[in-house]
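Note that chain A is present in both complexes that follow, paired respectively with chain B and with chain C.
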Partner chain A sequence: MDNILLIIAVWLPLLGFLINGLLALRGKPANQLLVAVAGVGSVAVSFGIFVWLTLNKQAWGQGDAQIATFFNWLNLEGLQLAFAYRFDGLSAFMAWIVTGIGTLIHIYSTGYMKEEKEDFARFFAYLNLFIFSMLHLVLGDNLALLFLGWEGVGLCSYLLIGFDHHKDFAAAAGKKAFITNRIGDAGFLIGMFLLFNLTGSLQYDTIYLRLSGFTDTAFLNTVAFFLFIGAMGKSAQIPLYVWLPDAMAGPTPVSALIHAATMVTAGIFMMARLAPVFLGAPETSTFIAFIGGSTALFAALIALTQTDIKKVLAYSTVSQLGYMFMAMGVGAYGAGMFHLMTHAFFKALLFLGSGAVILALHHEQDMRKMGGLFKHLKLLAILFWVGAIAISGIPGFSGFFSKDMILEHAYTHAKGGKILFGMGIVTALLTSFYMYRLIFLTFHTKEDAVSKMAHSHHGHNHHGDHSHHGGGLVPLGWNIYLPLVVLGILSVVGGYVGLPHLITHETPAIVTYFDKVLAIPPGEIAAGWKVSATHAEEWALMGGSVAVALLGLVLAFVIYQKKNLLPIADGAYRKPLVKWSFHKFYVDELYEALLLNPIKKFAFFCYRVVDARFIDGMVDGLGAAATAFGSALRRLQTGFVGDYAVYIVVGLILAGFIAFGGVK
Partner chain B sequence: MLTLSLLSPLVAGLFILLLPAKLTGQKKPSSLLMLVALAGSLISLAASLVVAAGFDGSLDGYQSVEVWFPSAANRVGWSFGVDGISIGLYILTTVLFPLGLYYSYLSFELQASEGHAPNREKLFWFSLLLLETSVIGVFVARNLIVFYIFWELILLPMILLIGIWGGKEKQYASIKFFIYTFAGSVFLILAMVAVVHYNMRSTLSFDINDTLSVAVRNMPLELQKYMFWAFIVSFLIKIPAFPLHTWLPHAHTQAPTVGSIILAGVLLKMGTYGIFRFSLPMFKNISLIYANFFIWLGVIGIIYGAWMAWAQSDIKKLIAYSSVSHMGYILAGMFSGTEAGLNGAYMQMINHGISTGLLFLLVGVIYDRTHTRELADYGGLAKLSPAFAVVFMIATLSSVGLPGTNGFVGEFLILLGTFQKNVWAGIFAITGVIFGAVYMLHLYKKMFFGEVSAKLKAVSEKTSLKISKRELAVVLPFVVAIFALGFKPEIVMDPTKKSLKQFVTNRTSLPIVKFEE
Partner chain C sequence: MNLFSINDLIATAPALVLVTGAILILLLQIVLPKFRLQAAYGVAIAVTAAAILLLVTGIPTSWQAAGATVQILPPIGTPVPLTEAFNRHVLFSGFVSEFSLLILIALLLLLLNSRRLLAELDLNLVEAYLMMLFSAAGLLYFIAAQDLITLFVALELSSLPLFVLAGWDRHSKSSNEAGIKYFLLSVLATTFLLLGIAFLYGASEGRTNLNELFYSLSRQPQSVRFAPFLFGILGWIFIYAAIAFKTALVPFHGWVADVYEGSITFVTSFMASLIKIAAVAVFFKLVMNTPENHRAIVQPVLMVFAVGSMFYGNLTALVQTNLKRMFAFSSIAHAGYMATLFIFPVGSALLAEIQKEASAALFFYVAGYAATTILVFTVIAFLETGDGEKRRITLEDLKGLGKRNPLAAFLLSLGALSFAGIPPLVGFFGKLYILRVLLGSGQYILALFVAINSLLAVYYYARIVFHCYWDYETEGEKLTGSALRSPAAWISGMALAVTVIGLGLVSSPVLRYALDAMVRFR
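Coming up: the complex of A and B.
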């Protein structure tokens, strides 16, 4: 019974996809209620089933996985794969987040997308397909099924980024996301095949079993490295992060669900799922921690100067994902998963909040055109503050607990721990600053967005596809606010599953949980990975991280509220560092010049020269030569008997030479 | 049943030739001729399905065997049968033909509505039906001579299709196609004669099984090598493998849509089928010696084909080069000698027929309306023709091997198998996953996204760009197959895997590390 329910929970969103997909194909605006019922309902019921299954579950340790096989996929002697789903402590955790936050964002979308009458059903079809794929990613019982979900969510991401496909930049951003992810996927495939060569299976239990006695760290380092390349793509880490900021071209609920809360955390989840591989690969793990730390810092630097509200949040997401990888890299799996959860809460809140602002302001995303919204949208502003406090790491809110746990583990990492901690704490300062900058610019500065808007709409009317009705704010419905309130509450209380041991004097609950459910051999991490820290040091770390959070708040307040500075207009002179940050350190341009263009030029050169001229030229040349030879021979056919007699004699002599020439 | 499915298209084709001439030459295509042609093709399909239903994948050797003129059977006998290697391709053939045939009629109709009367209809249907009989013949022949007759017979209708109903450069393309593939066949017949000659020392037989089991054993190793090359060059041209591929883009761009569907769908598979049927079993040792060479040749084809596809401005040429890339996967998988690689290669043969067949079909559908293959003329089709955009997306996803579609299963297994045999070749092959996405998404974006192009705007004012219901009916079986095989690949693989077992040379000493359990 439970197995059937599990299968239903995974496949139900596909039903939603099919219903909405067919409605979208009819070519006229679909009944929004019907779409919403199918779209939200399928995900909500799925969430309900996961809750029920969780409550019913007896034990959560290793070996307590519930495995439900739906049907066979591949049935070869050397490779058997099935559509089988694994409900254990890790996948249950993820399934809650995916379908729980998924349901909230689906509800929100019924409000956010209601003006898009033509595309309403199509949007929900894609969202449902995304949930279906994501559930395969987290619940699949083998790596191939994980890969199915992995690429499936990539497809949905591609379709949703390019949702407004008539806009060239949206279509281009979608393509960029897909191809960048494919680069990661190629690495992931290599890692998967290496692992298969090692263990002879893609099924998790078998992999765990075979790995348990295996200690060749060189091999595991290689496997882990290639698997991590996949994570770099999906979870937007250096050097493959470039697609995520562009992905903001998609509708805002998409940014919240896919590009903040769920899909982009797939890399973290994958590491947790394959913990035995990564724990057997200490060098690669340290490498991962440093990539994570660098990404966290680098993206935060870019976020400092962005003026598009969604771009700030996008770089913030890249940066926070960096924190998670830092945690995973130092072996603090519980801390990484903890931050994955709290980040899902507060970042979904912030994205949906920004969506509400954007919606209210008639699709305005430039923070320079905002300000003073607190007066008009009090509840929204308060919720936004909750999100900002949570992410900036002010005690009492969820982000504080999870970020602090990561920083503590980074500090005590045996290799380069102090450097990692340094990266982390600077990032924390930057995070706090750019978040409060966003808040002040949007909600508080003296000049009022509403009057700015009225002003700007006198002159020109861009955004031609949205009807403008003067300067008033677009009213926000209950379906916008309900998910925000729930996420706001979660952003506060979500951290209490991980109270620091400094306070409680015991291991945080969430860490105990993940120690139990992950396939981690007991005591494995402690050996060689960690140095100890004194109590005083730990208090100092916590104090430091609180101090930088407050410092960021004060700085942002002074600059943007007190002095009322606005980020300068594009094209104006910027100081070098600001300019570099504003232009995202020119990484896109760099990739284009160093990678994309050379390969493209080479491919085109190959076609024009190698293929068309050389290879095909040789073929045509052979043909031409044969023709020429033929016409030359034709001239021998003179019709004179005398000529033919000569040929016969010459031929006979030649034949004689060939036949008897060898005989001495 | 085999005989019925083999001959019914030919009979229908001959019958069409006998029908009174006044049926043709009208402004509109004759639906009667189409119905006769379709009937011939559908009977063949029905018969093939009966064969498939009775097929037992657990048995070795040929099944549903039928012999004409039994008294001479043991010599040059006209004997037919299917085994695990041919069953999939046989069904693919009988399924593709009626679809392509009916689509051609719709295309004629559309042209007629624009004032272009159909050209030499009777000959067109006859060529198509003759082509069907010859392709089926290749796949069900149990005899070298019979195989060769059908192998060569294919050239005739194909040249007619390209040369009469083709595009602007149809003559160049059809002659190039003919000479190039015929040049390969010369080697093939030479090698066949030599093999049979050696065979005669034991028993005189042209039976494929006898030949495989007896002939080569009598041959000196050095000679075997020559024979191997003579066989495989002909197959490599047909596939076509890099660098013998340059006839394909010309043939595809100039061929009428149905010609491209059949060419990509089944004719290219004759090359890989030949390798499965002859090269691998006949020259086991030599195949093993050259395995890495052919794997690399396949891998080069994957990457090179993808790059070439990326560089195209002509839609049909782009898809033609994508075929080079996809066929490269098959070549690599076949020579990996691993269970995964071999089964993946077979799967990919069927997949490529479906996905590339569908792509050519869809390009035909839109070309019938716009009369341009230039990528630059397109843009914004998703807005003008949403349903068409959806099916084209599905074909694209199948082509890039997205999990859940048929394309993934084949590609995944091939990559895994290649990786097991030769890690470096495997790694390079895997980059094909990236480049495949690059050119296909490039194509899709240019055609469907962005603002509606000026050309399409102009066309859409005159005629609807939306795909018609009847065209959708032709497309639907492809779409169903893409997902059915994506989730249930055993439909293709179960009947076949036993036959492929004999080629497994690399039993990958799994796991590579011994464990204490």
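Coming up: the complex of A and C.
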């Protein structure tokens, strides 16, 4: 019964996809209520089933996984693959986030996409397909299903980034995301094959079984490295993070669901799922931690100067994902998953909130044209504050607990722990600053966005498609606010599952939980990975991180509220660091110069010279030679019977010579 | 020598049915002068169908005299015991039955088109059916002949009506020319056949039966000093040359292009399919009956025939613009592909197994080839007369055919793609099985030649498809009219199209069936 329910929960979103897809195919505006019921309903019911299954499940330890086999997919000698789903502590956790936040964002989308009459059904079809793929990613019982979901979410991401496919930048951003991810996917596949080569299976239980007692660190380091390349792509880490900021071309609910809360955390999930591999690869793990730390710092630096509200949040996401990888790299799997969850709450909140702002301002995303919105959108501003406080790490809100746990584990990491911690704490300062900068610029500066907007409308009325709204704000409906409120509450209370042991004097609940559900032999992490820290040090760490959060707040307040400085127009930045930050450290340009242009040049070389001249020349030459031969032979066809008879006789004589030449 | 019995007649019943039909047509012409055309058409189709039926079901045992072993063809699929008739001048084996069946089916499909095609040219005469039935009957005897004398007579029976058919359009110079050319060169080939028979007769101390020849000749020392051996070699070369003429292999190919082009297209398709089936079958049978000591010497000649035909046919077809000529040269190339199956490694322990595989591959290839050939020539024939007057079709004429005449363009392209060996069509699998036999018996050079030629051929076949579908520049008013303009022709055309696609899809069972049926054919 439970197994059937599990399968239904996974496949239900596909039903939503089919219904909405068929509605979208009709090519005329579909009934929005029908679409919403199918789209939201399928995900919500799926969420309900997961809740029910969770409540029904007795034990969560390792080996207590509920496995439901839908059907056998491949049955070859040496490779059995089934469409089987694994409901255990880890996948239940992820399924809750995916379908729970998924449901909220689906509800939000019914408000946000209301004006897109033509594309309403198509949008929900893609979203449902995404949920379906994501559930395969997290619930699949073997790496093949994980990869299937991995590719499926990639496809949906591509489709949704390029949702406004008639806009060039959206289509280009979609392509960029897809292609960048392919680089990661190639690495992931190699890692998967290596793992299969080692264990002879893709099924998790078998992999865990074969890995226990396997101590070839060099091999596991290699496997872990390639798997991490996959995570780099999907979860936007250096050097493959470049697609995620561009992915903001997609509608804002997509940014919240896919590019903040769920899909981009797939790399983290994968590491948790394959924890035994990464635990056996300490060098690669440290490498991962440093990549994570660098990404966190680097993306935060870029976020400092961005003027597009969604771009700030996008770099913030990259930065926060860096934190999570830092946690996974130092072996703090519980902390990493904890931050994954809190981040899902507050980042979804912030994205949806920014979406509400954008919607209210007639699709304006430039923060320099905002300001003073607090007066008009009080509830939204308060919710935004909640999200900002949560992410910046002010005590009492969720982000504080998870970030602090990560910083603490980073500090006590045996290899380069202090450096990691340094990266983390600086990132925390920057995070706090850019977040409050966003808040002040959007909601609190004296200039009023509404009057700015009216002015710009009078000046040059090029927003033709929205002019019927007049100069005022677009009203926001209940379906916009409801998800925001729920996420706001979660952003506050979500952290209390991980109260620090400094206060409670016991291991945080969430850490205990993940130690139990992940396939980690107890005590394994401690050995060789960690150095101990005194209580005084731990208090100092926590105090430091609270201090930098407050410092960021104060700085932002002074610069943007008190002095009322506006970010200057593009390209006018003088100071190198600010200018570099604004131009995203020219990474895109660097990639273009170092990778894209050489590859393009090589491709053109292949096309113009190798193919057009050499290969075509060869082929054409052969063809010409054959034709010339044919023309010559054609002359034998004279049409005279006598000639033909001569051929026969000559042929016969030749045949005689050939044959009798062989007689001894 | 035994006297002939009723069993001898029963054994050759399918051929006799055709002959009876031909005579009946002659009689009906006198009895029913008003309906003689309809009657001829009906009788021809009826007797062909009856012959197929006889071949498939065999003759019920109750008809047989007590203790006799006469059996034509037991129901399809069961192993066929050898049956001899007319003092071992005629021998039936699985091999013979398979190829006879192929000939009869091809004849039936051709006959279905015949009436409309001949009528459009105003050439629908009773004698056409007569000639076709006589010729087909001759081909059945030709395949079944176990004695060289019978072989010769059967060949004549099949050829003489063809000379008439080649010149069937008596108002056309080119048709008359085709008939005369075919006749003159055939005479030369027949001379060689008789000469070859005479040489073998001398070399084997007076034998003409293939079986006896085999055993007699196989005992000869392989020496230049032993005159009978040399005469034996000479005999085989002459006989091979004569059959190679019928098969259209280089250097005996001179007639092919001119006769194929000059004859009316319906007759061309008759020659390109039926004659080819019978010729390759007999050629294979003769190679089978060449003892190894002779074969080792004569085989290089066959190799020259095969490789020369492939290259000559394909290279010359490359530069053709006339569609019929192109297919004529392509048929030389296809004969070359099939001729590679006549070549076996000398001294192989697995010779019997290789020969069995080769015979099945040959059967499959020629079946696919015949179906595709009839399909293509039928479409061409209908296109030629589409706008009331007869014309010659060039590649240029095909431009935009896909738009103006979708069915014709589709069928023509289907045929061209199958000839080119594009999967999943039958032509692909035919080549695949040939290559498999060649590689399996270690003849890598030949396999390479087949592969190279397949590549060469794609060019001119693809040009047909290209002109039909991609080249819309000139939108002439030419080549209108439906591709299959009578219900019977439609049935035949669709059956052929289904065969070209379907035989490819179910190639494996068909080949297995052919393999099973090919037990003992020497």
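Everything that follows uses one rule, which is that the second predicted complex is superposed on the first by the 611 of 664 C-alpha atoms of A that agree within 3 Å, B and C clash if a C-alpha of one lies under 4 Å from a C-alpha of the other, contacts with A are read in each partner's own complex, and residues count from 1 in each chain.
Definition applied: a contact is a pair of C-beta atoms (placed from the backbone, for glycine too) under 8 Å apart; a residue touches a chain by one contact, two chains touch by 3 or more.
Just so we're clear, the structure is a prediction, and the values are computed from it rather than from any experiment.
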Taking the superposition on A as described, I'd like to know which of chain B and chain C A:Ala536 touches: first, second, both or neither. neither
Going by the contact rule set out at the top, does A:Met1 touch chain B (first), chain C (second), both, or neither? neither
Could you tell me if A:Gly623 is touching chain B, chain C, both of them or neither one (first, second, both, neither)? both
Once chain A of both complexes is superposed, is A:Gly152 in touch with chain B (first), chain C (second), both, or neither? first
With both complexes superposed on chain A, which partner does A:Ala218 reach: first (chain B), second (chain C), both or neither? neither
For A:Ser631, is the partner it touches chain B (first), chain C (second), both, or none of the two (neither)? second
Quick one: is A:Tyr644 in contact with chain B, with chain C, with both, or with neither? Answer first, second, both or neither. second
Which partner, chain B or chain C, touches the larger number of chain A residues? B
Do chain B and chain C land on any of the same chain A residues, and which? 623
Quick one: which bits of chain A touch chain B in the complex? Just the residue numbers, please. 25, 27, 71-79, 83, 144, 147-148, 151-152, 155, 158, 162, 165-168, 171-172, 175, 178-179, 182-183, 185-186, 189-190, 193, 196-200, 209-210, 213-214, 216, 600, 602-604, 606-608, 611, 615-616, 619-620, 623
As the complex stands, chain B meets chain A at residues 176, 179-180, 243, 245-247, 304, 307-308, 310-312, 338-340, 343, 380, 382-383, 386-387, 390, 397, 402-404, 408-409, 412-413, 415-416, 419-420, 426-427, 430-431, 433-434, 437-438, 441-442, 445, 448-452, 487-490, 493-494, 497, 508, 510-513, 515-517
Across the complex, what residues on chain C touch chain A? 180-181, 184-185, 188-189, 192, 222-224, 229-230, 233-234, 237-238, 240-241, 245, 250-255, 257-258, 296-298, 300-301, 304, 312, 315-320, 456, 459
Within the complex, chain C is touched by chain A residues 623, 626-627, 629-631, 633-634, 637, 639, 641, 643-645, 647-648, 650-652, 654-656, 658-660, 662-664
